[in-house]
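Two complexes follow with chain A in common, the first pairing it with chain B and the second with chain C.
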Partner chain A sequence: MAAAPTRAEALSLFRSLLRTARQFSDYNIREYTRRRAADAFRENRALGDAAAAAAVFADGKKQLEVAKRQAVVYSLYAPKAKSIMEMKLQ
Partner chain B sequence: MAAAALRPAILRRIRLSPSPAAAAGAAAASQPHALARWLARPMSSHDAHLTRDEVVDRLLDVLKCHPKVDPSKVSPEAHFEKDLGLDSLDTVEVVMAIEEEFKLEIPDQEADKIDSLPLAIEYVANHPMAA
Partner chain C sequence: GRLSRRLLPLLLRRGSTPSISPARALSTAAVTADAPAAAAAAAAEEEAMTIKGVRISGRPLYMDMQATTPVDPRVLDAMLPFYLSRYGNPHSRTHLYGWESDAAVEEARARVASLVGADPREIFFTSGATECNNIAVKGVMRFYRDRRRHVVTTQTEHKCVLDSCRYLQQEGFEVTYLPVRPDGLVDVAQLADAIRPDTGLVSVMAVNNEIGVVQPLEEIGRICKEKGVPFHTDAAQALGKIPIDVNQMGIGLMSLSAHKIYGPKGVGALYLRRRPRIRVEPQMSGGGQERGIRSGTVPTPLVVGFGAACEIAAKEMDYDHRRASVLQQRLLDGIRGQVDDIVINGSMEHRYPGNLNLSFAYVEGESLLMGLKEVAVSSGSACTSASLEPSYVLRALGVEEDMAHTSIRFGIGRFTTEEEVDRAIELTVHQVKKLRDMSPLYEMAKAGIDLKSIQWAQH
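Here is the complex of A and B:
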């Protein structure tokens, strides 16, 4: 069984997920990915069980790969109009 | 000799421009503050650098806009975890928000060290690409 990830490893994965989330051109997907990463890390922050923490960490790494791939795919289909949420309202 | 006769003609055609460093140094010396700026960030074409006050103001705004931060507690001396009650995950999010605000890419090793406003101000104010 893999060892539990260290605090630095977990924070590094979180940062990588947020960085990847930022690359989505679609506001909704960008915000969802960011929110999903933050929620998942909060939900699992207190996992005491080393095996469970390792499993969750491995899943997070898999999700990071998915997000990276999807960011590339979605960049080919970038929305033509911005979301109203992105516009600076006067 | 033909070569000797050609020499002045050739030399007249070839004009060496002064090296960029020497030119920049000379230009900087003519203005008192420019020299300090040039020495701090040589070869930079980016003259309109952010002032420290501007950096502080914008950083305070970033912090105040964060959903978990109580805007009344934000001060230029605040520590993210001790004073603002953020956890390590929030700190990562705040540092990402700072990156976005100043259009920076902070490497992980640097980002890990930023855990308070004084450190963030220091980092952004000294960053040549901060915009």
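Here is the complex of A and C:
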């Protein structure tokens, strides 16, 4: 059984997720990754059970790996035109 | 940056070739010269594109989630290995390639089954919900054709169920198309009355694709169980969005699709109950894959994607549902706060919140949709949006033809943002107001004239 993450470890994972989220070329995926990570950390902040905290932390690390890979894939095939959400209103 | 400096001389040397190259060279030159204004102008020029004669400055915000959903990056991540080195045919029994694909397919099957409370042996992979509906409706009736000659369904089913029923009618079967109430829900008592001793199938969709209403599955399932008739539900729009339990809901057959739940297009699954066993006549002849129900090589990458989508949906259902509810309310409040004479099509109470189908009085539907080119929405189902006919689903609800013509289906999904909803509100309100300002009908209605009382000149 893995030990519960320290506060520093959890924060470091959170920051890595946010950093990776910013690398997504796709507007919706970028926003979702950031939002989902923030909500997950808010939700699990007060997780008392060590085993549950360890499981959530391990899952977060796995998600980070997926996000890192997919941010690259998305950048390889990014469409030339941006989402209108990234453009100023005329 | 570095790349453009290296490319620039190359591009300039080739600058004599027409079209794209000079523009490119110019824009990179602007970037290297570090003139932000010029770069922005060049970038804007590049971003503008013309598709089907419509000039679009950027990719529209996507709110057509009932037509299809974007693939979740976590789903794609699960699929990619099976497009690269793990390309084996899952039915190959003699080597590692086959074994690893087979294992992945079975793992995916278990994930799909688990999302609906089924046994993995009750899940059969197909090409999508349309194929499932065909197997379910035609397959059951053909298998039991000696004793069962009648099908009960509703008028608001998806085209592929209705078309399969029409096909059965041509083969001599009888079909009852139940009407729905004005809120889009089927009357359960009426459904019970429609079941005859020779009824072989009751087919009622779980969540409607156009109006998002959720039918009372549990009650229908109970009635079907009492009467001993298999209950089929098209759950393409329901899977992963509302909780489904095949046992609790008494479902005998169910059609599922991957691309409505952030999975890949081209794969779906048919749930087929084992106890009591429901049998179907296969619609595809061949190698006998999927226990003979659906011949043809199972597409491992797609199935793996479907499995991953189901696993994510199981984990994220509450979160996604809460968010869709908030955004739906935001959208409705935002539009209703600025525009009057709007009608919500379908029940609000029994509705999947990722769907908001609105009709705007006194505007012309086509103009509204064309004016909303920066919002990817549709008037109803993608299958029928090519025609100018008003939606048969809305007509079944008793919606007047003019209102059925001006419906817009807003779809909210996992990746929809607050800002997108706000932009959709802004653009919709702007367009509706603009069209109403031009509309004599709106002027007359505001002046208190009952439009129904007008005698239009014959011509």
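The definition used in the following text is that the second predicted complex is superposed on the first by the 89 of 90 C-alpha atoms of A that agree within 3 Å, B and C clash if a C-alpha of one lies under 4 Å from a C-alpha of the other, contacts with A are read in each partner's own complex, and residues count from 1 in each chain.
Everything below uses one rule, namely that contacts are C-beta pairs under 8 Å (C-beta built on N, C-alpha and C of every residue); 3 or more make two chains touch, one makes a residue touch a chain.
Because the structure is a prediction, the values reported are computed rather than measured.
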item	value
Simultaneous placement of chain C and chain B on chain A, clash or fit	fit
Where the C-alpha centre of chain A sits as vertex, the angle toward chain B and chain C in the overlay (nearest 10 degrees)	130
Partner chain in contact with A:L18 - chain B first, chain C second, else both or neither	first
Which superposed partner A:R45 touches (first chain B, second chain C, both, neither)	first
Which partner, chain B or chain C, touches more chain A residues	C
Touching partner for A:Q70 - first (chain B), second (chain C), both, neither	second
Minimal inter-chain CA distance - chain C and chain B, angstrom	12
Complex contact set, residues of chain A against chain C	24, 28-29, 31-33, 35-36, 39, 63, 66-67, 69-70, 73-74, 79-87, 90
Contact footprint of chain B on chain A as seen in their complex	7-8, 11-12, 14-15, 18-19, 22, 38, 41-42, 45
Residue numbers on chain C that touch chain A, as the complex places them	46-47, 49, 56-62, 70, 73-74, 76-77, 80, 319, 374, 414-417, 419-420, 423
Chain B residues touching chain A - in the complex, by the definition given at the top	87-89, 92-93, 96, 100, 108, 111-112
